[in-house]
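Please go over the structures that come below.
In what follows, chain A forms one complex with chain B and a second complex with chain C.
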Partner chain A sequence: MIGNIFYHLRTNLRLTAGLVMFSLIVLFMLLGPMMVDVRQARPLSTFPSQPPGPDYPFGTDDQGRNLFAAAVVGVPMTLRVGLIAGAVGVGVGTILGFLSGYLGGRVDTLIRGTVDTLLTVPGLVVLISIASIIREAISVEIMALVVALLAWMWPTRTIRAQVLSMREQPYVQMAKLNGVGTWEIIWRELMPNLLPYLAVSFVGSVSAAILASIGLEAIGLGPQNEPTVGMTIYWSIQFNSLIRGLWWWWGVPIFFIVFLFVSLFLISAGLDQIANPRLRRVA
Partner chain B sequence: MSLGYIVRRIGLLLLVVWAAATLNFFIPRLSPTRDPIRERLGQLAATGGLNAEGIEEMVRAYQARFGLDKPIWEQYINYMSDVLQLDFGYSLSNYPARVTDLIALALPWTLGLLIIATLLSFTVGTLLGALTAWPGSPGFMKYMIVLFMTLSAIPYYLLGLLLLYVLGVQLRVFPLFGGYALGVTPGFNVELISTLIHHAILPAMSIVLSGIGFWGLSMWGMMITTLGQDYVTLAEANGLKGRDIFLRYGVRNAILPQSTALALSLGFIVSGSVLVEVVFAYPGIGTLLFQGIQGSDFFLIYGIVFMIILSIGIATMLIDLIYPLLDPRIRTGKKE
Partner chain C sequence: MTKPVLELQDLRVYFNTRRGIVKAADGINLQLYPGERFGLVGESGSGKTTTALAILRMIKPPGRIVGGRVILDNDIDLLSLTDEQMRQVRLKRIAMIPQGAMNSLNPVLRIKEQMILTMRTHGAEGSNGHMLKRVEGLLASVGLQPNVANLYPHELSGGMKQRVCIAMAISMRPQVILADEPTSALDVVVQRRIMQTLRTLQEQLGAAVILVGHDMGLMAQFVDRLGVMYGGKLVEVGTVEEIFTDPKHPYTQLLISSIPSLHRKRNFQTIPGMPLSLHEPPSGCLFHPRCPQAMAHCSQIVPREIEVTPGRKVLCLLYDEELTPAAQREVVDDTAAS
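Up next, the complex of A and B:
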């Protein structure tokens, strides 16, 4: 198993690159609090609008936040929204995908129809209408749950497709003929083979959830008093940082977002190669 | 294409629209402790931002729609009949403007921007993706994958911010915000058209560039699979011209899943462009929605949300109805 992991890391450049980038973010989150006073993530705690320099590596914003401290506090929050929403999405998606793919029939028609319909609905816009009602009450956790409302459709779709094709595999048919119960087949035959797909699905959902949460925050529908990555972008747009030449104010959050998305994308593409060995030939 | 298919597809659209309207009706009621719209009206009255008459008119409209003096099913039916006529009531922060009129003013901007940007990014992205997978392409094309990945990993509006900074603030090639220059004579003249295009280029570019990454990446994957099929090998063995194999054997087959993906991602594209408009203060639906959020203008927010869901529902349906024309297997009603 361990040898297997090293084999994949050595041959799978995307997965390795993605994991290295992601570890750098984790390292930043772990070491950050030791390098800066996190209380400086609050407004009015430093001099406003200072460019990056020895004292403030990422500069400070117009309201006197130390942007380095804001990133140390905010990046884990943004990641937490993604992880919670991604976990809920994949959890619900796995259950529905299994029900749909394994049971078939009317259940399948209903679930598949609902998913395909909801997928065409502009998710962010629906989330906006929900978030605007509970605007003052939004915290990091509530944000995650709001985003999770629409995070289960893609996982349901992919997992259903996988279950559907696995159900007909000879080893599953064999288990059925031998009188193995439905639950045991699901746990012992299907689940282990599904793990790589679940992992791909999870990374994809985390990434989509972070994208949605940053989108909501960038138009002001986020946790108002927390320096999450999206809220930092919102404030920097609100205070015209672009025209005023405060490039670090919007530059820092964009850097973190792009870095995070590229790392998640590489991890997901790498896991995909493990899940679908046929992809390995071309990549 | 069978009549049954068309009827089912139209039925699905009606179902989505009904669900969206119902959601809009119930969301304000789900708020556990308070009634945000009534509270907002009270706030407006207290700050004296509006004349008393306006407030009363709005409270009456509010009563008719959300008021608790009637049984809930009756409110629901009233609400639904209003929505059917696309009447979303007054805008809370722009009284006496009606939500429908505000949307009608903003809609052409968004439609123009989105239709052009989506078609452009879909065509260019699909073509580039296909060429990247084609073995006959020049060697440097294989590095396109890296470009596709990076572009598709950046959200539209962040790409917009970067473009705005480089081309707007630093190089001053393009204007920083808005949809047209002030002081231009309205009407169909060269001056107006050039200022319209000049203002639309940056927002369109951020949607197109990021879209090219997405479509290029997915077409590349599809094309690789298609080119590995036996019929392509046979075509090569028969000595067909490379261009024919590329277009008629490769692209023609690989483009089918692309168009399904287009139908599925319209919602995503629109969500992304809402934020692009905010970044560029482009006078379309997205900016209007942003203003609605800023002013807690709930009627405006719900009106826009409903209109967006309705238009995407219609667009998705059109793509689904066109799809059978592309794929004979669906047209004849046979399965694979």
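Up next, the complex of A and C:
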């Protein structure tokens, strides 16, 4: 098992690069609080509009936040939104996808119909409506659940498709012939086949959820008092940082977003290579 | 005579298709006695596998078991069981060895994992260590090394996979084993060894076997009695000697004479005509359009089961000495209904 992991890391450059990049972010989250006073993530705690320098590595914003401290506090929040929403999305999607694909019949019609209908609804509109209704009370966790509301449909649809093709496999037929029960077939026979796919799906959902949450925050619908990555962008837009040449203000959050997305993409693509050996270049 | 362990009475499996009802198994009567090896032969689409799957109630829509009884152990009619009761019968009392062993094992589970899972769903209890011992014992009984338990299916050869399937089939000591062309994808050497293994185990367990297939040579070596299917009907039943030396039904006669022989070198004998289409079955006897001995009334009368000698049954008008008015009426009803 351990040897297997090292084998994949050695041959799968994308996965390795993605994991290294992600580890750097985690390292930043862990070590950051030791390098800076996180209270400086609040407004009026430092000198405003300072360019990056020895005192403020990422500079400060117009309202006197230390952007390094804001990143130390905000990046984990954004990641948490992504992880919660991704987990809820893939979790719900897995359950519904399995029910729909394996049981078929009316259950399938109902679930698939609902998903297909909801998929045509523009997600951002729904998210904006919901987020603006509960704007006052919004916290990081609630934000995650709001994003999760629309994060389960694609996993449902794709997992259903996987299950549909798997359930016709001869070994499933054989398990039925051997009198293995429906739930045992789903959990013990099908689930292990789907694990790599679920991992890929999870990483994809996390990125989608992060993107959705940053989108909401950037238009001011996130947790108002938290320096999440999206909120930093929101404030930098509000204060016209682009025109005023405060490049570090919008540059820092964008750097973190890009870095995070590239790492998640590489992990996802790398996992895909494991799940689907035909994509491997090295045998 | 002893009581049959499995008895099919007038088993009917119909498929509702867009082009009408297809009678894939139509009025199968069969008695299987304990410890006996019964062969079911017939051309593709004659209903062999359908019959085997119907015994386990594994017919999928649009197929449906529309009538008949499947009596296990002179006691329970499998067709009247609840789904949960039927699930318990599968493997524990009637096990199936699948047609394509290549794909019948879950690719991501180790052999021991699949075998233990299957056994546990049938109430096998014990620690994992104890279960592993059982698995290794079963693997040894089919001639595999104990370390096979730790392997994944892709690490096994076709013959080894088939052996694993046999080990799984006998794991709960079933009374009946349905073997659906268990060796069709294997070369003859492996084939022979697998059949020997199956035979030894079957004799040890005292289980009855239904071997489905179309390899007459294999049948001749393995089974005691043989049933010949044509167009969803069991047209002839007899001991393997009877069928090979004295086939009664014209279809069986042609089937036997089409077996190539080393001693008689000549052109292949074939059965004239096209294989049957069950979408548009001929009237009367299904075989009459291809039958060299067809008589005038063969296209009108549906043959009934004639017992020529005890245990020797044939579905052919040639042997029906009393074509009763009742039989005639059945013809009329049947054509009127369709």
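Rule of thumb we're sticking to: the second predicted complex is superposed on the first by the 280 of 283 C-alpha atoms of A that agree within 3 Å, B and C clash if a C-alpha of one lies under 4 Å from a C-alpha of the other, contacts with A are read in each partner's own complex, and residues count from 1 in each chain.
Here, a contact is a pair of C-beta atoms (placed from the backbone, for glycine too) under 8 Å apart; a residue touches a chain by one contact, two chains touch by 3 or more.
Please read all numbers here as calculations on a predicted model, not as lab measurements.
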Overlay on chain A: chain C relative to chain B, clash or fit: fit
Which superposed partner A:A144 touches (first chain B, second chain C, both, neither): neither
Broader residue contact with chain A after superposition on the shared chain, chain B or chain C: B
Touching partner for A:I219 - first (chain B), second (chain C), both, neither: first
Partner chain in contact with A:V90 - chain B first, chain C second, else both or neither: neither
Which of chain B and chain C A:G181 touches, first, second, both or neither: second
Partner chain(s) touched by A:P170 [first = chain B, second = chain C, both, neither]: second
Contacts of A:V126 with chain B and chain C, given as first, second, both or neither: first
Touched partner set for A:L242, first chain B, second chain C, both or neither: first
Contacts of A:V262 with chain B and chain C, given as first, second, both or neither: first
Chain C versus chain B - closest C-alpha approach in the superposed model, Å: 14
Shared chain A surface residues [contacts with chain B and with chain C]: none
Contacting residues of chain B [partner chain A, same complex]: 12, 15-16, 20, 23-24, 27-28, 30-31, 36, 149-150, 152-155, 157-158, 161-162, 164-165, 168-169, 176, 224, 263-264, 266-268, 270-272, 274-275, 278-279, 289-290, 292-294, 296, 298, 301-302, 304-305, 308-309, 312-313, 316
In the complex with chain B, residue positions of chain A that touch it: 117, 119-126, 128-130, 132-135, 211, 214-215, 218-221, 233, 237, 242-243, 245, 247, 250, 254, 257-258, 261-262, 265-266, 269, 282
Contact footprint of chain A on chain C as seen in their complex: 56, 58, 87-92, 95-96, 98, 100, 103-109, 114, 117-118, 121-122, 165, 168
Of chain A, residues touching chain C in the complex: 169-171, 173-181, 184, 188-189, 192-193
